[in-house]
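Next up: some structures, all given as structure tokens.
Heads up, the next two complexes both have chain A, just with different partners, chain B and then chain C.
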Partner chain A sequence: MPGYQGINAKMLQVPVGPGHEVFSKRGAMLAYTGPVTFEPSATAGQGLGGALGRAVAGERSAMMHVRGQGTVLFGHGGLHVTVVDLSGADTLYVEADRLLVHDASLQVGTMFMGEQGGVRGMVRGAVTGQGLFTTTLSGHGSCGLLSHGGVMELPITPQRPVFVDPQAYVAHRGQVENRLAVSAGMRDLIGRGSGEAFQLQLSGSGVVYVQASERKI
Partner chain B sequence: MAQFRLNGTKMLAVDLAGETIRALNGSMVAYEGQMTFKRQGMTGGEGLRGALKRRIAGEGMTLMEITGQGTVYLASEATEVTLVHLAGDTLFAESESLLALDGNLQTGVHFVGLRGMGTGQGLATTKVEGRGTAAIVSDGPAIALEVTPQTPLCVDPHAYVGHLGRLQQDVVTDVNWRTVLGQGSGESVQFRYQGQGLVYVQPAERGGVLEI
Partner chain C sequence: MAVQTWNAASLPSNDNVNPYAFSVDLDGRWFVQKGKMIAYYGQIRFESLSSGALDAFVAGAFNSPMYAGDWIVAEGRGKLLLADRGFDVNSFDLDEGNLTVRAGNLLAFEPGLELKQSIIPGFLTLIGTGRFVAASNGPVHFVEPPIRVDPQALLGWADCPSPCHHYDHSYMRGAFGAARMILGVGGASGEEHQFDFSGQGTVLMQSSEVVMNEDTLLRDLEGQISMVGTSGLQRLQSTIAQRLAAERQS
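Entry: the complex of A and B
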């Protein structure tokens, strides 16, 4: 079965068939051919426990279950779509709002920010507007991510950590540790800062996806 | 000297080896290596007189200084980036169109005069001079149109991004009774450039602010 195909920078064509079902952001369908059904899904493939976790976390972006036989076109808000293929080796960390569509074969989870960095992790989530939870995807399959202006992939290596503006951060994958780097000084407190007081520091080995804009979704 | 390169069309990558560049406040999206970000003081390197002029002209510009070793990535609201190499000449641009400047470049305010008022551009534009690279942003990819003494160029003030070279700017108006009645063609005021140089134009007409 052919994979996800970008029609243009902002539209994605996804084949659906038996054994190849997908979950997508609710309302993101633009057009489809063939007998395809769209069902609202509260669990987004996570099972009841996962759904409960998500409800508590507030990390619930309404998803729908797409199945049948045909092709579906997805797009949302004129935002750029980037396809990320997962081969089972690593986990993708992404904010639920930025997830346009993903294969039902992928395992979806919710990660508590505190798991990575304890209290500091929670502070990080609050400061960066990411919330206390983030969505994880793992296994074999593809997913489509939303960004304002397209994304750039920046490799992260143990020798070269990457610092990212929290507003421009889209997703990351691999064995990556992230923490909040604060460089706020007196100037920031009196409202004369450089606008770069907080950065996400990503170290380890993997890839981070950064968008060319500071706009959140 | 700091190396400016484009990473795609919407992101600017600058390689630094200890140099300082100036960039739009808050435009950093990512960096590798060691970087420090400092907002420029009240005068912005233009002296007390320059700051006063800027205040009067309402040509607000908030820049930060970036110093360090490594690569810094800059972008603003997914707008398209164009690099302009200056070799001693002067670039005129709107202050909100400037994304980053080489540390060697000087900025100042250039008074346009009363004609800026009708076009929503304000009374003044920012001028950038010296040797080095400047990065300007536009809503959609900007094109550079050449102006020669034989071929003057007229542009829509709302699509104007900046200009470079020995150019004379004046305003052409085509206001008639239809415009007064609100039935105009929407093209009643144009900038006309004469001389020798380049004019950067974007494929969108802004209504005061850059909007996607």
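Entry: the complex of A and C
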């Protein structure tokens, strides 16, 4: 089964067939050929418990269960689309809004920010506007991420942590610890700051996806 | 990266300056949508379609009174630069052909083409021989029927029959679907409605544009009111009154 194929920077072609179903963001289908159906999905591949967790967490971006036999084109709001392939080794952390489409074979979860970085993680969630929960994807399969202006892939190594503007952060994968680095001083309090008071510090080993813009979805 | 500086002589002739701007080598007349001209060199006048002097000319090529207010005629000699909201801009040549394109995305066309309103609201059809310039959100993607396209992702189509509506509510069937319908849980997939293309031809797509041009839809509706009889008008009035009352409550 051929995988996800980028038509251009903003369009993604996904084959759908028996045993190869996908979940996609609601309203993100651009076109399709063949007998393909779109069914609203409350659980988006998670169990009932997961669905409840998502509802509580506010990480509930409406998803559709896409199945049938054919080819579907996805895109959303003129945003750039990036394909990430997961080989089962690591977990992808991404905000639910930014998830355009993912294979049904991937395990979807919701993670409480506190698990990664404790109270700091919660502060981070509040500051970045990411909420206190984030969506996790693991297993074998592909997914498409939305970004404004395309993403850069920055490697994270133990010797070399990466600092990212929280608004430019899209997703990350690997064994990565994140914390919010605050460099706010008196100047920020009186409105004369650099505008870069908060950064996301990602350390460990993995990859972070950064968009070339500070616009949220 | 060095930024190239253009002048009247070095600007491309009827070609893209960059993916987001197009340079028309004007010698005569072109139809241009209002607000899409960003700069020009040379002696160019911009006349509204209703100015009177161009009546005979306009009548021969512009066949849509509903959109006449959105368009102007650029007349003279020079280089005319066109752009639209940072969208990708492309030019297409038609040779005794016909092509339908979303009204808001058509920037300009040569008078060799004749403009008509499409049966599908919000779309314009060009017939004849000549060049036109259109904008798209992201590069244009060409596909062949049979295909079903989301209305917002549809940029236009060429040579194939007009599309029909396709509604997919299959998930409302069965016991689970009935429960969904009664209880209202589960929501909609957001993909119930597509345009269905069949036959021979080409369909042009863009990455979805969230903001629909409501203005053109409204004018299409207004244009069709003349076809409705008195009883129909009364029914419309009551429908509108109901909608308005509901809007005020929410």
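Criterion: the second predicted complex is superposed on the first by the 217 of 217 C-alpha atoms of A that agree within 3 Å, B and C clash if a C-alpha of one lies under 4 Å from a C-alpha of the other, contacts with A are read in each partner's own complex, and residues count from 1 in each chain.
Keep this in mind: a residue touches a chain if its C-beta (ideal position, glycine included) is under 8 Å from a C-beta of that chain, and two chains touch if they have at least 3 such contacts.
This structure is a prediction, so every number in the text was calculated from the model and none was measured.
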Chain B versus chain C as contact partner of A:210, first or second or both or neither: first
Touched partner set for A:152, first chain B, second chain C, both or neither: first
Touched partner set for A:163, first chain B, second chain C, both or neither: first
First, second, both or neither for A:26, with chain B first and chain C second: second
Partner chain(s) touched by A:89 [first = chain B, second = chain C, both, neither]: neither
Partner chain in contact with A:182 - chain B first, chain C second, else both or neither: neither
Contacts on chain A seen with chain B and repeated with chain C across the two complexes: none
Residues of chain A that touch chain C when the two form their complex: 7-11, 26-33, 37-42, 62, 64, 73, 75-79
Complex contacts: residues of chain C adjacent to chain A: 137-139, 141, 143, 146-150, 153, 168, 170-171, 185-192, 194, 203, 205, 207-210
In the complex, chain A residues that touch chain B: 148-150, 152, 154, 160-165, 168, 183, 187, 192-196, 199, 208, 210-215
Touching residues (chain side chain B, partner chain A) in the complex: 7-8, 10-11, 25-33, 35-39, 64-65, 73, 75-78, 212
